[in-house]
Amino acid sequence: MRFFQKNLTFFLVLVFSVSVAQNRKIIHIPDIDGYQTLKCDFHMHTVFSDGDVWPTVRVTEAWKEGLDAIAITDHIEYRPHADDVVSDHNRSYQIAKPLADELKMILIKGTEITRSMPPGHFNALFISDANPIDTKDVFDAIGEAQKQGAFLLWNHPGWKAQQPDTTLWWEEHTKLYNNKMLNGIEVFNGDEFYPEALGWAKEKNLTLFGNTDSHDPIDGRKLRTMTLVFAKDKTAEGIREALNNRRTIAYSENRLAGDAGLLTKFFFASLKFDHAPLKLVMKGRAVVYIQNNSDITYELELEKPNPDYKAPEKLILKANEVTPVILTGKTQNVNDLKELTITYKVNNVFVAGNQVFNVTFNFRNN
Amino acid sequence: MRFFQKNLTFFLVLVFSVSVAQNRKIIHIPDIDGYQTLKCDFHMHTVFSDGDVWPTVRVTEAWKEGLDAIAITDHIEYRPHADDVVSDHNRSYQIAKPLADELKMILIKGTEITRSMPPGHFNALFISDANPIDTKDVFDAIGEAQKQGAFLLWNHPGWKAQQPDTTLWWEEHTKLYNNKMLNGIEVFNGDEFYPEALGWAKEKNLTLFGNTDSHDPIDGRKLRTMTLVFAKDKTAEGIREALNNRRTIAYSENRLAGDAGLLTKFFFASLKFDHAPLKLVMKGRAVVYIQNNSDITYELELEKPNPDYKAPEKLILKANEVTPVILTGKTQNVNDLKELTITYKVNNVFVAGNQVFNVTFNFRNN
Amino acid sequence: MRFFQKNLTFFLVLVFSVSVAQNRKIIHIPDIDGYQTLKCDFHMHTVFSDGDVWPTVRVTEAWKEGLDAIAITDHIEYRPHADDVVSDHNRSYQIAKPLADELKMILIKGTEITRSMPPGHFNALFISDANPIDTKDVFDAIGEAQKQGAFLLWNHPGWKAQQPDTTLWWEEHTKLYNNKMLNGIEVFNGDEFYPEALGWAKEKNLTLFGNTDSHDPIDGRKLRTMTLVFAKDKTAEGIREALNNRRTIAYSENRLAGDAGLLTKFFFASLKFDHAPLKLVMKGRAVVYIQNNSDITYELELEKPNPDYKAPEKLILKANEVTPVILTGKTQNVNDLKELTITYKVNNVFVAGNQVFNVTFNFRNN
Amino acid sequence: MRFFQKNLTFFLVLVFSVSVAQNRKIIHIPDIDGYQTLKCDFHMHTVFSDGDVWPTVRVTEAWKEGLDAIAITDHIEYRPHADDVVSDHNRSYQIAKPLADELKMILIKGTEITRSMPPGHFNALFISDANPIDTKDVFDAIGEAQKQGAFLLWNHPGWKAQQPDTTLWWEEHTKLYNNKMLNGIEVFNGDEFYPEALGWAKEKNLTLFGNTDSHDPIDGRKLRTMTLVFAKDKTAEGIREALNNRRTIAYSENRLAGDAGLLTKFFFASLKFDHAPLKLVMKGRAVVYIQNNSDITYELELEKPNPDYKAPEKLILKANEVTPVILTGKTQNVNDLKELTITYKVNNVFVAGNQVFNVTFNFRNN
């Protein structure tokens, strides 16, 4: 059953979409700097390329999980269901759009240009028409997307099937980059992380992405791989402006990757500190309670011990919980310290290659 | 990415199906009477009618959840995706079959004959060709299925969209029944229960079914609605023989519906009793430990109190746990009882209409 | 091991309490009316009466679960561990207090006066010394507590062991009440609900309580039974003032009980409504998204259908999720309606006896 | 409230223990070699030393979690609650024993001899009287336990508070060992693992233990640290005989440690293999389904690749699930192989120090 009502004869009429009969989760991720943090996934497939779901499923899934925006990016060149699913390259967007509108999900029109390496696979976002992108030469295809004003990102640059031994930046990428045909790069694709891509992004000012590249239905039990976009407003244009200005952090499996400046703001916006005035002295102790209001657990490791006081070597700031941090004075020096300065590595947050994010807490003492 | 390998030029080749890279749960349900209990779902849809998934998804989902057999039953008459998905009525079976074979899932060829009420919707299982079933007259359609040797069941007989006020058996159903064109009936469809259907099934010897009628991807977090089939062997033929002989119990949302005789065997096959020799006397107590080795929690309520000893009024035999049952002697009579006989209603197990299953425990005393 | 450090010889020294090495959950419950909503449990036991845990466990459990205040209320008259646990009646408070201070949990000094019915069991909160409450006559005991300034509540008034057939208000309760020795009453004790108590509370202006009455360790997986206290500040005095002025709602197993006025504020403070300007017309539809920011799921049932437009019969506003509410126009009348008024019963919220809370949504139309 | 009934006057009587009103989980762990695998925890504390629970809680917790045997091992020398909890050293056993008997839990009488390093902390199991073990000299204490026939194990040998830098075997341990006063050793204590202890155990034929050393209430959500004992029967004597003959495997947080021979039997007893006759040829593939019927997930990593066929580099045999293993032929050689031999390291199973367990699968081919 579903969707039907008896008509005059035996025909059936769609009345309500099922999607609307379900619930939407709330993702707890902080806003920063006056921007709204939009939860986005810009890479996924449907039966219109090699995915296994109808386009509306992508909208429903994302809405239920609490995302704000998605792009369906069916392959131009790879359509294994084409014997049965017959349509042009714009069709999955057209089918998904009315439901996205009803659910107030932002649906970015996109496609995936799918070639062997080099240069590999590229998502073209914010295109107007996917059909003319179906060309023989990859540079023609990317060029057509660029002509339409697309934002172009290199997908899964370290995918083993295309870069089996090392993750390389090829001559073709330099050519694309020099022609402004390469604006962003995936550092996370599904659960894979490409540290090299994070390095290149920093060097060349590429926008960072984390995307699912989903082909199957998405489970929805945990936060999916996402691109966190810091946007002026919750619109497609807001997203575009933020991508153009590289205001993103990539997320996958409780890991973050991004610019250290943005990450610092994001990290502290997630936390609330609570403690009595600290009066740490030799052999004394003080407790600082750190409340993490986000859905991301931070895994901290002490960068270097302080000779005068002891702080926890490991600190797990669990998502949506309060973690007590116990400090103990070791020397007479601590009695006179006006400020306690403690630096931690955040082992699940990356700023360049495999280099992790450092964060410093300053607590006024006495 | 996924599934690709670089070919000589830029073409891509499917290598392994994703399904096999995942895991399969084990459903704990007992075998009875020398039969294997097969976990089956005989009603579901794909993009080839009004479902939202590619046919292989139905196989993968069911395999992962631990099912043994499914039937994909796309509507003959209702194909809202037909502008894009172009094929005949056998196509979803053809696409799903190779994956089912690889995963050793039994895939029953089926279809749904989809008409307004009366007579409503019917699943034809074990058909050979769905195309000739696409006829104008519903009796012709069902007749064609019958000619192919189909097993025919009435789907969701109490669906509000077709039976808004009361769940009725129409003249048309009598006609079908008399012509052996109605062999089974859904008592559970998704999370809906139709007590009337359970009554008719008992009266008319119809085979009972519980099916999901899934259109969207299935979540897989809990046991789906199923038809438990007690089969001589784990084959399509084994299933057919069991359906013909009405050896099924229907399951949905921790409820069961079926024949009291089968249910009694099934219930006791799930349980293991453990206790010291009982010597219940007045003011004494005895404990019987009941281990429920199945994934179904039984909710028992004392049918009527015994004047001589006290047994728990409510007893929840939780799935895969051990429940202690405390008995206490109330009168002198209990000292001489050779047997303690306690009857419970099992409130989540139905035998006819809304009538629940009664079960009696006999414990030797002294 | 635990807690030790080697000393000069072989003695061992407690260094840090284990409690502080664990995390605290955050309970999502709204503040209302400028008050802070404090999550409190005013009834629990330790090894110092018939409980099974050391007093510090009560503090740690409550802190980890996210509560703000507790009272340990060991029985005066019932101390089955007294052969081994030797102390006066103030001891469990004394042991728990330092840890409560460190964790900034509010610990209310209390005790349970434990008599057969009538008048049953009473908690005395905010006492200064439990020892003189140990008297032969129950009125003397309650009188002593009153002299100390205690807040007195009747515990589990419908407990079957004391009120086997009906939940009665005895003459003794009238006497206590007239002497201002009965200020509050439990409507929830553990998972039990006493509708009669809710009625008496309304009639007689008693403060409502929900308490766990825990004897064993508390599991902590779900929200425990609590008294939600709307306090001017997060202090023992703040709680006392709120109890005196009956600003509480009782919570147990996703049910609430309280004054309809407070509940209305509390309910709407949990919710955020989001919709485009509604322009519901005949055969048209409109969607209102309701975001429930609390940890309480509300179960709504349509009070009475409107002849002009259709609203969902059942509406589950799931905790921390967004629920879409679909409205559809049925008649021409709806085209001219300036306001849509929809009244729901909230089946898990009680205002008097078994009478449930009614809530009305008004949406501006056109 | 709880457990009371009104007596003639106002006294209260305990009727039933709460424990029996709850449920017991079933742990899925295989038996091997005709032995029963008993799930045991031989190290835990109560309020009678520095624990935080009443002794009956230890029995109830263990029963609910599905364990077969426990030992309560309160410290002789460290009793921080002694001001309030006044008793001799046998008291916690005496209190727990009746409940253990009722629940058919095996309760081993034990105590912990608690000294600074060397020689550290020792559990004496199967003692008859803990009181005479309270002596000044540690060798006298251990000698008294030995005289009572105790089984003696060294607890948490690598505990940082006692062995801050390296885990050392001291002269005192040699003395104990030579006098047969050291029969076993903990390789897991709570979530800590001591690889050195595993090495010593192998060298010196010590029995391996995994114990919780619980002081607080146990959560029960996941399998606790345990000693798996392969016993001739489910009795205290059966356990003693198995300990004497070193038939144990230690378990903690999804890790195992033990003798390679026992582990091989245990590992294969957990698994069921299912596959069609394998006919792996060059460019062909074959699938073997491995069903893991235990609650332990095995994490396999290919020891070394075979030049002729490809097997998965990583293989996670999830608890209570079926994992497909895909093999693919790479060379012509594979066509003639009569057997496929694949060796994996099991990264969460330890046999000596940090050395992991190796397991070899042999599949008949062609």
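A, B, C and D are the chain letters, set down in written order, and residue numbers restart from 1 in every chain.
Definition applied: a residue touches a chain if its C-beta (ideal position, glycine included) is under 8 Å from a C-beta of that chain, and two chains touch if they have at least 3 such contacts.
If you're wondering where the values come from, they're calculated on a predicted model, not measured in any experiment.
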Over-half contact-pair match to C-D, picked out of the listed pairs B-D, A-C or A-B: A-B
Chain A and chain D, separation of their C-alpha mean positions in angstrom: 42
Chain D residues counted as touching two or more neighbouring chains: none
Category of the chain touch graph - line, ring, star, complete, other: ring
Contacting residues of chain B [partner chain A, same complex]: 1-7, 9-10, 12, 14, 18, 47-48, 50-54, 56-57, 60, 77-78, 80-81, 84-87, 91, 95, 114-117, 121, 155-156, 159, 161-162, 189, 213, 215-217, 221
In the complex, chain B residues that touch chain D: 16, 20-21, 23-26, 102, 285, 287, 289, 291, 293, 316, 318, 320-324, 326
